[in-house]
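Shared between the two complexes below is subunit A, which pairs with subunit B and subunit C, respectively.
Here is the complex of A and B:
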């Protein structure tokens, strides 16, 4: 009896192990992709993966140090623009322009993080909310170079636009990135982040330079958000100011909230839920907003820790 | 050689003087009591020493180094740490993780950190609770955890802010030997405390503050009989009961 209970417990712990969940997702997707001819579902799965990385990157800031960034679209869209424009206007090879795009996210993170993360209070939220709007204004001001309202096309796509190859490349990059983030959050660095989230005053009393850790974490988050933007733009083959809009900043927050904040796996689940809802309801945008609101209210009411919290609770019982 | 030398330190909050020209020295390995009525500036002085507040004027010298402009974490690395009057555990973290956070201010190997944490858990009397989330602990255990968290940073000077506040007699009796043991290991200690019966068992010298000023300093048994101290802090009842 005791052995059985112990075995059950181990099995349940195994089922909610984040590494197992993430790898299971990846394996199922690879199998599906290998056998399917349904390119529509494949395309949605690909977008799910990109948004999963975007949401996980937001979770690093929102879930692990408790700082609410309302402008993660800046990393997503900003890195996408840098990569696309370098490739389009200067002919820089795809891989180099993508790396440049991701590196530009570090600069964005420093611009936003250095002045705001030293302070306590809502400064990061306010500054991150405003900055993408400034970038959109700049894009409108220079339509020839930056594409203006319509954005830009004509730059190189990943794998020359072959969807299946694109799918495998993006899945591999996202999988490695998410596993790296998971490793990071389970390391001593992750413990420091959690301590800062719990009580930054006490974390400082423990001898930690909390500003340094907040900025490093913000840069890491920016890098992965930028990476997701770069993958998206070279899959889509077009870049537009909508990538920098507020809705794109709210999206990872919603995904994280639905999936479970501060969990890494939660935002991935949330991204699947929301991306599939988005695609199925693409012709009814008003209904989509109502559905998101209802989901958010239900989650907050019945499982504030999101789907992941609900799963953990279920498997513990 | 004094480990801590506070010279003429003042702190004003928008014209209100919380600490007023206080000077104080603490010898290496000494344990000092800091008492006074509520609002007398004890915790403010702790905040000034630990760097949570910037001083308005004066200097703080720690081990012959002027640390007045140092930030909190820099002072911790130099060897000053503190506990809080209202305990501040990292609630969702386990006892083990709470202590580990303190160890991470220094670069040490994980194996050494693990040994250090387990030894601290044992020395403060929290053995068997290492995997318990700190939010589930009673106040007595949280006070011990607070001490363990501070010790994890290897302090040379430990500031204990009301370590006995809110505890039962039995719990106080457990913490007194713990504080003595820490002091015997060579850590200088300043204790802010209102539970005088416990304080007399711990310290030989005491400083009394009132309205941000030092009104008495000396051996505890002598200071506690001074009229100014009785009038400002202890009250006639204390003397009569004694």
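Here is the complex of A and C:
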């Protein structure tokens, strides 16, 4: 092997290093944001970033430990509700209410994680799918305190509603969280998760405490999903029961599957693809959802490992 | 008494919905969430075609055409989308949801998003054991029972049924003894689609149907088979009955029962799954087996 090809290889490895890709992308976004005055695109990018964090947090449970959770909307919407209601009814400052919202996601993760410990496959999916529905029913039953069908508005928004500042704050939070998750999945912990995914009996025989790792993983995933929910609700300025609905649980799964499951970069790509498709097709309101779903089906059918699998193949060839 | 009879009538319908789903899931071992769309397509096509036939049984003929259409649709879906990536259940899961959404939106574009009504097959009411019951509900029960009986005959008495059961047990063994697996999958896809469409047509004259009710049908099918446990086709009948009775009980006995009926069933299901992680009648270790295949 000559030196040139070796250099070429290291250069390629450098290019596909996920840390570099993510950081470079964030820098590009900052530059774009600094110079542009197109607030519409900025808004879309901001939503993309929030959903990217949400999808990555789903990937931590679905991709790395193989538990197909259909209830991540519980963390997203639950944390958002806690934060918004604390801020609205008790006048707790924004930062504190956001932190308590994220912490409440731990409780939600325990609610969802403890009953599902022993369950597998479709059983697990069903239990995670129906838990948020119970919470939606609770919200409908107390329309005065919890806002009922229409949700509630009137709490503080991030940076008093200045879009550019919001963009920087959210980008920073998302970047740090994603890098943390990436670090986590590349560490010993990530290896253990993959071992449990491949064969939980073997992992248990090797002396790993599966229960502990599953719960910890669920909590971590819940915290990040809750973080994305809290950011979203204080960006949007309104909270509604639709945030808890099943469509909101399926969205991150769709993004992850399209981007590539079990890779942290994949869900981010998926989030950008899906959100941009969704927003750019606004001009054809009737056929927007149809086109969007057709794109999803075509990607899943002809590149089963998602966009990431396709890119990896391209880089190897 | 009121509650029990109404619950049983509802429960048989649930059983039928669960049965089709159990067939698709138990044999093919894939989540075909387009199941709900078969349920909703049939009544819409039937209503749209009915004015074309001027004689008395126009709706019936339109209904038969709709059933054929949905069978073809189920086959095409299986042939071109599901079968090529059968070893990736998650992809199929998301794909079929996307497909169901496409169908929902197409139906909104064509027919609008308001509710549709289907005339009852059998109008009027009957009194059973002192309880007044809609005749349509009795018709649903009869159709469900006949369908379940026919399915039982099909699965146990015919050669194709035997092949289907072998594939459900173990695809590898089926391959060894020379069963054409793809053909079996195609047949189950068609039968499942037809059962779903059948239940959709009869249910829609009691419950209003709109393009969004596929979600409802899919959830019911999913809940019933999970409550029954996977790997056991016949467990869905008692599970469907139990679910029907519980739902009627809750919606009769609380003032805001209509909101509460689904969550109560869900909480009971969660508790059940905590104590019996493989459902009421499920085969233990069925999910793990699936992984190795």
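We take it that the second predicted complex is superposed on the first by the 302 of 317 C-alpha atoms of A that agree within 3 Å, B and C clash if a C-alpha of one lies under 4 Å from a C-alpha of the other, contacts with A are read in each partner's own complex, and residues count from 1 in each chain.
Throughout what follows, a contact is a pair of C-beta atoms (placed from the backbone, for glycine too) under 8 Å apart; a residue touches a chain by one contact, two chains touch by 3 or more.
Nothing here was measured: the structure is a model prediction, and the numbers come from that model.
Chemist: Which of the two partners, first being subunit B and second being subunit C, lies in contact with A:120: first, second, both, or neither?
Modeler: After superposition on chain A, A:120 lies in contact with subunit C alone.
Chemist: Is A:162 touching anything from subunit B or subunit C once the two structures are fitted on A? First, second, both or neither.
Modeler: neither
Chemist: Of the two partner chains, subunit B (first) and subunit C (second), which one does A:149 touch, if any: first, second, both, or neither?
Modeler: neither
Chemist: Give the label of whichever partner, subunit B or subunit C, reaches more residues of subunit A.
Modeler: Touching more residues of subunit A than the other partner does is C.
Chemist: Is A:188 in contact with subunit B, with subunit C, with both, or with neither (first, second, both, neither)?
Modeler: First partner only.
Chemist: Would you sort A:202 into first (subunit B), second (subunit C), both or neither based on which partner it touches?
Modeler: first
Chemist: Considering only the contact definition stated at the top, list the common interface residues of subunit A for subunit B and subunit C.
Modeler: Comparing the two interfaces on subunit A, one with subunit B and one with subunit C, no residues are shared.
Chemist: Inside the complex, what are the residues of subunit C that reach subunit A?
Modeler: Against subunit A, subunit C makes touches at 25, 31, 81, 84-85, 88, 90-91, 93-95, 97-99, 101-102, 105-106, 108-109, 215, 222-223, 226, 230, 256, 259-260, 262-263, 266-267, 269-270, 273-274, 277-279, 287-288, 290.
Chemist: Please output the residues of subunit B touching subunit A within their complex, sorted ascending.
Modeler: The contact residues of subunit B facing subunit A are 50, 52, 71-73, 76-77, 81-82, 84, 88-93, 97, 100-102, 104-106, 110, 149-150, 152-153.
Chemist: Hey, which residues of subunit A end up touching subunit C in the complex?
Modeler: Per the touch definition, subunit A meets subunit C at residues 62, 68, 115, 118-123, 126-127, 129-131, 133-134, 137, 140-141, 246, 250, 253-254, 257, 261, 286-287, 289-290, 293-294, 296-297, 300-301, 304.
Chemist: For the complex, which residues does subunit A have touching subunit B?
Modeler: Going through subunit A, the ones touching subunit B are 188, 191-192, 194-195, 198-199, 201-210.
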